[in-house]
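What follows is a pair of complexes built around subunit A, which joins subunit B in one and subunit C in the other.
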Partner chain A sequence: MKELTKLEEVVMIAIWRLGDMAYGVEIKKQVYEILGKEYFYNTLYTTFDQLIRKGFINKNFGEPSSVRGGKRKVFFRMTEMGELALEEAFERQSRVWGSITLDGLQRGEL
Partner chain B sequence: MALRKTQGRVNIALKMLRLFYSSNMEEGYSGDIEEEFEEIIKIHGQNKASLWLWRHALVEVPKWMVSELMKGMTMIMQYLKTAQRIMQRHKLNTLINIFGLALGVSTCLAILLFVNYELSYDKFHSNNSSISRITMSGTLAGNAYASARIPAPAAPILTQTFPEIVETVRLIPDNLNLFRYKDQAFNEPLFFFTEPSFFKIFSFPLIEGNTEEALAVPNSIVIDEDLASRLFGSEEALGKIISFNDMMDLTVTGIIQNAPRNSHLDYHMLISLSTLKEYWPFALNSREWPAAYTYIQQRDGVDQIQLLNKIRPFFKEYLNDIAAAEEGELYGNVQSLSDIHLRSHLQNEWKSPGNIRYVLTFLGVGILIMTIACLNYINITTARANVRVREIGIRKTMGASKYQVMLQLVGESLLSGLASMLVAGLLMIVFSPMLRSIMGPGYSIQSCLNSTFLFQVTGIGIFVSIFAGLLPAIQLSRYQPHQSIKGITAGIKTKSKRRMALVTFQFTVLVGLIIMTLGIVQQVSFMQNQPLGFKKEQLLAIRMINDHGDEGNTLLRFNTLKQEMLNLQHVHSATLSSHVPGTRYYEGQFAPEGESRHTVMTMETYQVGEDFLSTYQITLLQGRDFSSEFSGDTQSILINEAASEQFAWENPIGKRVTYTSHGESGEYRVAGVFHNFHSQSLHHAVKPMVLFKSSHCHYLTLYLDRKDLRNTLLQISEVWKSIESDNPFDHFFLDDQFNQFYQFESLMGSIIQCFTIVGICIGCLGLIGLIAFTTERRTKEVGIRKSIGASSSSIVMLFLEEFGVMLIVANVLAWPLGYFSLKMWLTNFAYKTEINLVIFVLASITTALVGMLTIAYWVLRAARANPVEALKYE
Partner chain C sequence: MKNWIHSKWLDRMAIFLLNRLSHSNMNEGFGGDVEEEFESLLHKWGSRRARRWLWYHTFMAIPKSIKQTLMWASTMMFSYFKIAVRNLQRHRSFSFINIIGMTLSLATTLLIIQLLNTFLSYDEFHEHKDKLYQIHTTRITPERRYETAAAPMPLAQEIAAECPGIEKIVRVKRGLHVLASSNDKVLNIRFKFADPDFFNIFTYPLQWGDKHTALEQPNSIVLTHEVAQKFYHNENPIGQSFHLTDVGDFIVTGVMEDHSHRKSSLRINPLISMNALAGLERLGKMEASISDWQHLAYQYLYVTLNDPQQVEQVATFLRSSSDRHSREGEDQYRFEIQKVTELLPGPELYYGEASVPPIVITVLCVVGALIMVTAGFNYSNLSLARILSRAREVGIRKVVGAKRTQLYAQFTSEAVTITLISLMFAYAIYRIILIPLYLSMFDEIAVLFEFKDDLKILLFFVLFSLATGVVAGFLPSLYITKFRTIEVLKNLKGFKGGMRVMLRKVMIVAQFSLTLVFIVATMAAISQARQSRKMDLGYNIDNVLTMHLQGIEPSQFIQKIEGHHSIVEVAASSSLPGISTTGRTWLKRANANDSVQVEYLYSDANFISTMQFQLMAGDITATQRVANGDRQVYVSEEAARRFGFPSALDAVGSFVQTSQGDNLLIAGVVKDYLHGSVTDEQYPSAMIIQPDRCVRIEVRVAEQAEKEVLAFLRQQWLATESAEPFHCPTYQERFEESLMGVDVIMKLLIFVASMAIVVCVLGMIGIADYSAKTRLKEIGIRKVLGAGEWTILKILSGKFLGLIFMAGVLAAPLALVTGRYVLSIWTNSVDVSWLLVLLGFGAMSLLGLIAVVSQTLKAARANPVESLKYE
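Then we have the complex of A and B:
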């Protein structure tokens, strides 16, 4: 199984959270919420591309509307493989950090 | 809605953003941007929103791109470092590589310049593509006939008949004529009688004067800048009077820019066509005699082939009665202007034309040289690359892909390719005076500075370096990493079949080129030394000036001059004639006795004095020479062997022929037959020739010995001055005149010679590179051989043996190739040398010697070394 980079991981989480509503603008907002840092679309779409290539998400076109200059939305949806990858990422993260707490880190004890 | 308002500004930013994004995502991507953009407008207002968009377009995206690039850059910097280290370690190889390629490229560039120049002929006319020349061809009296000129009255009829033709212009040339302005007098053949439409069709700009009026009225003349400054200096030229043949006065009505060198029409003067009505009505009105170069301008979009299909039958009709009189057929032809210089070889061409075959030959040789240089490069690079198998193996183990390895190797090649382009540029500048003297006006360093040429140059450079780098790159990148690391020595072959084949090919080309060079040099010297039937070095021709209208006085003057000349110590004999060998010739039609009136033969005619044959020392074979004792000699003719053969009489003496010229005819008796002599270049066979006895002449020929030549010439010019004080002393030796015919061949010879030398240099560089490499690889072997007692010379022999095999194969291939291409080239000449075995042997020996010396030098260096050093190696 291919691993996820940090940004990929955050984008996956954003898509998972948004469910049916996962498209560019919303994902960008979610990523901003999680990381507190603005990523612009070129970076985000590069990440989408990579995720699609890895088979973790797929994309669907929505209906065209007048709001977006007549352009269709592109919705992203997690695949089963993506879900597995996310789970694995979570497991790994928990293994890495284990029972370490921020409090403990600051005080220098387990 | 808001987006509409700011459409213009936003669109630019959007477009920039889209540029960086893949197309299948584009819709969602720009949709997202627009959606967020509108949201920001709602919250923060218009200005803030477009600021946001622009910030992303100008700051975020470039930032992202730079970071992506940096990832790649580390790799590229590393490649550059490797390249630099390798170049430093193999200094000799690098030098040879760069210099060899530079030699090849600069040769190729020089050739390209020449070829470009030849192809640029007549392209400077702004409506060049719609200008054509009307010519005629067909058969007359059984001989093929093709003339660049057509009868002058045809042009107006063409304009009336064909709506496709917008404009026509006629240019009627004349022989040498005398022009005089105050005390300056000169003979000039480069001028035309022409009409005002000349300025409409061609783009020869007038500097002074008016294009409508300059050539409108009779007796007007337009002169070029050079002539204007020569004649009038800084004085006002318009309105000055130039005397023409001491017969009429021409008024200067315009000054025209000098005709460019790459124009097939070169002239110094233009005289109004209407002048001919008085001066030479025959040329203007004759339907029988083709007097005029006739150019047409077609309407835009007219198909040349369609026009040709119409003009052919029209001309057949128009010329029908003339053709029928000589039992032949004539057609009209349409030639486009840009084809005239390289592809037209008709009778009476104005400027001796170039030849597309020569241009292609040069191009071919250029490509050959380039190929040698490339092969060299490939050879050395692959040889050297084999040592790098280990490096490549490690790179691949570390995760470099096949394409990255290829990129690295091709990139390195591109680097040395660019370096050699720079060296090539320097070489071009350093050698430009030499190239200029060899290639003539076609070569100039300024002409490099146009965009198409620079484009070609960079194109060649990039193509060659990629091409040369690709082969080793493909080969090396194919190795599996485990192979290349394990088989460090297995990968290095000291004898590679492919490398040997490449060297063999190079030497084949070299031997072939040397054969061609020697063959061309031989033919040129053959042509220059071939006996022409008279002693051209000892014959001095002087152009005479007629008093038009006063035949008696002219004759008196000429004869006094001749007598005075004969009194000089070193002048043995002298004669007057209408033509001399090597100048433009004149032809007339002859009908022999006993045949039907319609059997007409075209022959070259000279009008000569009675001492012509004796002065030129031409042997009389049958009959008698002209003589002043026979009063009826003006009705006698002398014919050459070729003419005698064509008339096919058993005994030609006393036979009658009817001679027709310019619509007049007369009957003549054959008095004698003389030995053939060459009146034209050796490209052509000797033509049938007829001599008339006449006092009408243009040249005085002196037969002199070359002892004390300087003094004799001085005396001759003094005699001239004493009698012909006002007239220009215009003289030449016949050998100079003949050498002009072979100018192009000698040029070709020296160019090919240059190329051959360059080729040999490149070949040797290649050999040095390879031998240096092989000896280095075999250092240990040499050391072992020496330590068991081999002598230095036996080691050199060992290496030479290998080269000997390649050399023999190369010769076996090159000889037939050289033979056939030389044979093909020689078909251009009516008189040619035998292809001599000597030149083949010489070519082989030269290459063998050069090759062996190169090898011997390098191998000897290795062989002389202390074997202990060699054994320690590696």
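Then we have the complex of A and C:
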């Protein structure tokens, strides 16, 4: 299975959290909440493209509304493969960090 | 309100741009998201800050977009290249023919580009080239204008004192050619005089010495690298004393670096300080020129301007100065300012040092363009001819979803691949074969050209061939992408009907026509070259030695050598006919009103018989003395006719008058002969018997005795007081030498045109090959039904014959015009006759037939089983 990059991981988590509401603007906000950093839309959309190509998310169009200049929203949804990838990412993360705590790191102890 | 709409519009533009830059295939979602956030930010932050956010995002998207575009483009390029190589492998004979054709033409063009580069890079190396100017003088006499590269010396002082905007002035003068000795060596050297600022306006770095002061002292001398090498090898010669015979002692104050690789309109010799000139003129070692407004010969005036913008002011000043120094009833002088970098290529000027006629540049450009067009045309032609067999491939690509631009890219990339492969071969050929060939063909003038590759020119080669590829590939791709998919796929054989046949016929006719044009141009050039060599000069130059006496009185020297048993006859003259004229003047028949302009030379009484002129009337030796100092003259038939004598006999014994009023007695009339150079316009001519004006001798020797006489002459020469080395070429050698300029261009033309012919023939072979292949099945069936090889050959070639004939009719006028244009470079060109065109047509038909027959024979001989076994 293909691994996730850091940003992909964060985007996946954002999509997962947002559930049915996952589209560009919201995802950007979520990513900002998680990382505290504003990403450009074209960076995010490159990531979306990448995730779709890897088969972790899929997209479908919403209804057109007047707010967005008549353009439809693109909603993203996690696929089963995406869920598996996210789980694996979590497991790998836990394995990497194990029982290390911030407290321990700062004090230089295991 | 209006303002608001305006900015709304700008916002849309930003969003649109951002969208284009995103490279996402979810444009709608992307644009909508941006817009949504922008709206909310508008409410949150107000319009200014929100807009700033928007534009910030747009600009920040640019670098990433560029990166992505490049990445995709290179990926696509690579796959196009791969497809192209596969396609070329599949169609071997096509690729082969195209690559050979492209290689030949590219190699030739590389040579031409290199030549052009050399011609156009004159004087470009000077640091101050932008503000460096030369002052030219036009001398206007009642008879004609003389455009010179020279300027009177006192003009320099006047400019320095009165003209605004001048930074520095440097006078350069040549004309000192003496025996120099130093360090126990003696050499014959040409010197130039130059003002101390010479090295401040020209960029000739000094190997040794200080460029600011090197020419300051009157006794200082700056050597060139070569001369310093000859005298001192690699040692520093600063401070060495340098003795010039009859002139005086000088001190070496500098040595220039090797500048032989730099192309300069000013030939660089060892330099003597201009401050020495006044003294030398006072002593009579040099003819007076420093304060002579009429003296122009071989002295140049260079200036640098404070600001190149001021050139107009200087020009105005020079015009007023010309007016001030021109007097009624005398020769008029016009001074003009010329940018040094623009001198060459330019017309040949009187007293100029180097010339590159602009026509040479034009001819090279035209020929280079033509040969490249031929190769490109070959490619397009062959691709178009084959296009129908590739229609299916295109159809399938379209069905799978190829866009039109992608198809363009694919076909163009094939052409580019071919040119790039050809470029590699071409470069190898150019380096390994062409340059040595070129240098050996023109060894005497080869030094003029440098074949050093710099990055710039290599890059130009690559760009040039890329461009050729793109152009050559564009036409077929334009046509091929027009195919309608369904039709192509439904009817796998391609198109039926007139269109296809027409297209191919047009192509074939075009190919043959092009060949014809090149053949005629080559033949014209060859006949011109033959003519200038084989032409009847009107005198006999075999077994004649010529010698410039370097100031020794000819009659003295002739006395010493006369009587040697192998010397048949000796004569003296002021110049050699057929090589250059002594001058032009106006003569008129006594009592007549109209003068005739003639070219003349001075000779002694033996000249006519020694050179074996064909005498029409009069005495072969001008023995009879003429009263009161009048001189005798031999005129050409043409001159006699122009003077108004009804026949040659009438002319003999009559008088003609010079414009100074001197009387010349016509002693004889000779058959028209070549007086000036072959390349110059021919005038009526005259030989004035005046031995004291002669500077050289012509020695007619007995057959096979040349070596013996040369040894004798050398011995006699060394016995004179002259310091000049012995130099005595044959007339034939001198004549060949004078033809060299003509020869160079001629050879180049013939060479390039033959290349073009080869390329054209290749194209014909390609087309014949292809059309034979398309009819393989037909041939198979005919053979099965009992047709013999001969019948098939007749059927296949018959059509071509008609096309060849059509091409001949269509292209003949074009060929005639091209041939005439090519020869228009020479003043005395042969005429391109219809006979020549007819001959060219014969040659073209022959070549075409060979191409066609060789290919159809292959098809006709093929085993019909091979072509029919799948049916």
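Here are some notes:
Basically, the second predicted complex is superposed on the first by the 110 of 110 C-alpha atoms of A that agree within 3 Å, B and C clash if a C-alpha of one lies under 4 Å from a C-alpha of the other, contacts with A are read in each partner's own complex, and residues count from 1 in each chain.
The definition used in the following text is that contacts are C-beta pairs under 8 Å (C-beta built on N, C-alpha and C of every residue); 3 or more make two chains touch, one makes a residue touch a chain.
Note that this is a predicted model, so its numbers are computed, not measured.
Shared-chain residue A:106: touches no atom of subunit B or subunit C. Once chain A of one complex is fitted onto chain A of the other, the partner contacts of A:40 extend to both subunit B and subunit C. Once the two complexes are laid over each other on the shared chain, residue contacts for A:71 go to subunit B and to subunit C alike. Touching of subunit A by both subunit B and subunit C, each in its own complex, is seen for residues 23-25, 28, 40-43, 45, 48-49, 59, 61, 67-69, 71-74. Residues of subunit A touching subunit C in their complex: 23-25, 28, 40-43, 45-46, 48-49, 59, 61, 67-69, 71-74. The residues of subunit A lying in touch with subunit B in their complex are 23-25, 28, 40-43, 45, 48-49, 59, 61, 67-69, 71-74.
Subunit C contributes residues 15, 18, 21-26, 28-37, 39-40, 57, 60-61, 64-65 to its touches with subunit A in the complex. Touching subunit A in their complex are the following residues of subunit B: 3, 17, 20-22, 25, 27-36, 38-39, 56, 60-61, 64.
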